[in-house]
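Step one of this worksheet: look at the structure below.
To keep things simple, chains are lettered A, B and C as they appear, and every chain counts its residues starting from 1.
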Amino acid sequence: MAIPINLPVVQPGTQARKGNFARRPEDAPENLRERTLELGAKGEWVVHRVPEPCVEVPTRSNGIKRVPLQHTWHHKSCGQCGHIPGYSTSIFWLHRKLGLEYNDPRDQTSCTAWNYYASATSNQAAQAAVAMRNFAAAYETGYFPQIHCATSYGHYKEVRAEMVHHKELREQVRGILAKMGKPLVMPEEIVHYSEWVYAVRHEIAKRKVLDLSQITVTVHPACHYYKLVQEDAIYDPDVYGGQRTAVVTAVAQALGATVGDYSTWFDCCGFGFRHILVQRDFSRSFAVQRKIEAMRDEVNPDVTLTHDTGCVTTLDKSQFAAQAHQGVKAAIPVLSEAQFAALGMGAHPYRVCQLHWHAADYRPLLEKMGIDWRERWREFEDDVERLKANPGSFLTWEDADGEWAVPAAHPDHVKHGGR
Amino acid sequence: MSSDTLLIIGGGPAGLEAARGAADLGCKTILVERLSRLGGTPISANYAALTHGMRDASEVMGEMIAAVDGDPLVDIRLNTSVTACSGAAGDFSVTLTRGGTDETVSVGAVIVATGFEHFDPGRANQQYGYYMYDDVLTLQDAEKMLKEKNFVRPSTGKPPERVCFIQCVGSRDRRIGNEYCSKVCCGVASKQAIEIRQLLPNCRVFIFYIDMRMYGYWENEIYWPAQEKYKVSYIKGVISEIVMKGDRLMIRGEDTTMNRPMEVPMDIVILSNGMEPSGGTKAIATTLGLRQNTYGFINVAHDTLDPVSTSVPGVFVAGAAAGPKDLDDTMGMAGAATMKAVGAIRRMARGAAIKA
Amino acid sequence: MTERAQLASQVPDSEKERLFNEVKADLRFGDYLYGCYECGICVAVCPSARFYDFSPRRIAQAVAREDVELVWEQMNGEVWECSQCFSCLLCPRGNNPGGIITIMREVAVKNGLHSAQQALEGYTRIIYKIMSTGTQVSPDMIRPEAFPDWGPTAKETADNLEVWRRAMPPDTMHTTSASWEVDDKTLTELYLIWHLSGVLDMIKALDESLHMILVDVMEEKLEEAGYPLS
């Protein structure tokens, strides 16, 4: 492999230079949480209240968002579970390790927004009804929705705004839900899993078993997290001077990694919804030319972290073809911050983080993190042989935390989770 | 029982001009200023030169202060705030607070001249990172350096080779909630562009705009010279984001007239931040019970036909407390407000009812 | 004359007008388009504008000017180039060009425009997947022939799919034909939504055979659950 002649200098670009920017309450735009509660008081719908304990986090519009720590209903992501399953598994694993109970439902459909943004073979009422069906299903269990996918999260916030603003839409969706015997339910907050990770980042850092101070990361923020409905995304005065969303970055910093800044930070990944499935020349070119190459030239990170299904998929899967054509440059591994945090807390790279589903080579990263991936892979292959020999058997959470583990900083006393 | 005294709140251009006019008309005036000195925003925000004529701001404000300072009819109260008000036109009872001590005065009419504040670009809807980058400035940051004739990149202390202005930051923006045009930023940016070119003839200067609003004589006095003599580049297209590339800023936008995307390195980016009602304006509106518009500026009877009467009879407004105003507007309003306020006091002294 | 121009000349103005009115009649339209400054901020942040001859500004302008002819052309072409990332929501006027495009695409699908059918060629299997299983993608979609550009991982995944799916702890995820296990009752409720909200009619306009297959899948379940289909 060629040695780069000009090693890029990493500029920690996350500190405010002019002091921190504080937002004022009077500048907040319409507060949809308050409108949700008002409509609840009028009997228009049931408001699913955030369960205690919760963490109050700062948002872009100077609001305070209440992020529940546990008793959460995990609105899974089809792209995560389907193609990068270590993403979902890591989120669950973090909950278990922190002793926070959750519900992993089967009474959940996808938000169907990937299809909607790809093909428009749906409409406003159908999209709202899918969202409200899932919310009602969560309410029936008493567990509060935590949404794994940024597109689901952004789309549900669109739905919330439309439902708040248009009575006729509420009536139409109410009618559809009534047919299946479900009430109209709106959660008090719409919460993305990366907001939960942000909220528990110091707890994660306390349980860290690997030294990540030599690891340099770049962050790709998800468009549908902070652009689609921007008001209640997390903006923290201590991260980027309160000028960019703080999720992911704050987590990487809490874990002791260096976050390098690059000039296409705000750019989309190139997912494109339709494009990633049937017009991938666009997704590949955009992801590699705009994002990956800028990261490599300007930061040369050990890994890039993001917090959404589409972004991990596009950035991870798009690098192989470019490498094959250009032949020289090493890939940048792509992980969710949940996977990165789990690895830092000693999660098994294959049993938990399921890195064998990733396309960009992550092994140099694991080596730098001090993880013996060869030994871990051998263990996983043993698992696979055992599973092959026993049709109908599955890897369990107990297996995932089996003999191999790096001694945990804190004992695991989780006895629940899943169903 | 009516009072023959006029209360003017705010010691900036509008308040000073109103006090001068009232004294000329022989009316007793109390001029209240929250800060420890007169002169208002042109002084507190370090303005360099004022349009028209590009005269030195401290010199101009010095003349305005000298016109009232020492006038026996003008009672100047510094470090003082208006904290309560009762009564009605002709006989307001107003509490003035200075260092924790209250004094109640009786006044016949009030002129509010509490002005504006500059939009805080931390709130910009676009991705400008004002609080992240040393070399991203506001018009006021730039004005201060221009006043000192030392225009350099704050990050390096060296003169810049490429500078740009981004217009309409915090103005004309539905997402921020400031739908109005702040009126002065096009002129101020162009003025500063000229000053930068005068100081640094080798520095390229760009102005990225939505519409250049250089009405009246600003066109021939500023806009044309900026383009023709000082070769300032005007590009129609608003910048979406400012990032770092290497040790330089980089801006992104669309050059809309050429139909092509731009990614341009810059040494300094100046955000042309607009006007918002000052904290003093919002506070005094509450104290005096004045109706405010949706942005917090003070409502007037009619923006064209009576731009100085407020919703409370006997209380008038001058300058940017009533919305985005340039100095031309402000001086005109100060005269009109003085005429109406002194007129009201005199009419009530004659026993006649105030006319709105 | 380009193919599209030829087609355009065959479509009567009244038909173009009707489609445009359908766009404007959407409940969201008033929240998605105010006016346009031509400031270009939407283009500056647009990934598709860097790759295609595509401009969210042109779309917003055409719609704002009520240029029925141009809107019709865009509805039959560039709307499908949009990435739907919604970066364009930076618009100072509060416009949502991406949202306008969503509505324009919806009208194109609903009216069975040939251009929509072309744009979604090869995509219908995914519509089938999401509508019938409740999850958009599934593990068994990763086939090396479908994703040759994803490298050797695609083949390894496909070769080991069944056992790899069992080799993960969450018990909802031991699936191959859906992303996770969705309850039958849940699926039936989803089918009911498609049925009651007019989505099946849209599919019928887009692709009759897909519609037939979907109706087949759904009818039985809906009837079993006692939902009337008429």
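By definition in this document, a residue touches a chain if its C-beta (ideal position, glycine included) is under 8 Å from a C-beta of that chain, and two chains touch if they have at least 3 such contacts.
Here the structure is a predicted model, which is why all the values come from computation and not from measurement.
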> Measuring centre to centre with C-alpha atoms, which chain is farthest from subunit C?
Replying inline: B
> What chain pair has the highest count of contacting C-beta pairs?
Replying inline: A-C
> Of all the chains, which has the CA centre nearest the overall CA centre?
Replying inline: A
> In whole angstrom, how far does the Cα centroid of subunit A sit from the Cα centroid of subunit B?
Replying inline: 45
> How far is the middle of subunit A from the middle of subunit C, if each middle is the mean of its Cα atoms, in Å?
Replying inline: 23
> How many angstrom lie between the CA centroids of subunit B and subunit C, rounded to a whole number?
Replying inline: 49
> What are the residue numbers in subunit C that touch two or more other chains?
Replying inline: 45, 50, 90
> So which stretches of subunit A touch two or more other chains?
Replying inline: 266
> Which positions in subunit B touch two or more other chains at once?
Replying inline: 127, 175, 240-241
> In the complex formed with subunit B, which residues of subunit A make contact?
Replying inline: 11, 13, 15-21, 23, 27, 29, 240-244, 261-266, 298
>> Residue numbers of subunit B touching subunit A in their complex, please.
In response: 120, 122-123, 127-134, 175, 177, 240-241, 243-246, 250
> Tell me, which parts of subunit C touch subunit A in their complex?
Replying inline: 26-28, 31, 45, 47-48, 50-52, 80, 83-87, 89-90, 102, 105-106, 108-110, 116, 119-123, 126-127, 130-131, 134-139, 141-142, 147, 149-151, 153-154, 156-157, 160, 163-164, 166-174, 178-183, 185-187, 189-190, 192-194, 196-199, 202-203, 206, 227
>> Which stretch or stretches of subunit C touch subunit B in the complex?
In response: 34, 37-41, 43-45, 49-50, 55, 57, 90-94
> Can you name the residues of subunit A that touch subunit C in the complex?
Replying inline: 76-83, 85-86, 88-89, 92-93, 104-110, 112, 114-126, 129-130, 133, 137, 154, 162, 165-166, 168-169, 172, 175-176, 179-180, 182, 223-224, 227-228, 230, 266-268, 270-275, 277-278, 280, 282, 284-286, 290, 317-318, 320-321, 324, 351-352, 354, 356-359, 380, 383-384, 387-388, 393-397, 399-400, 418-419
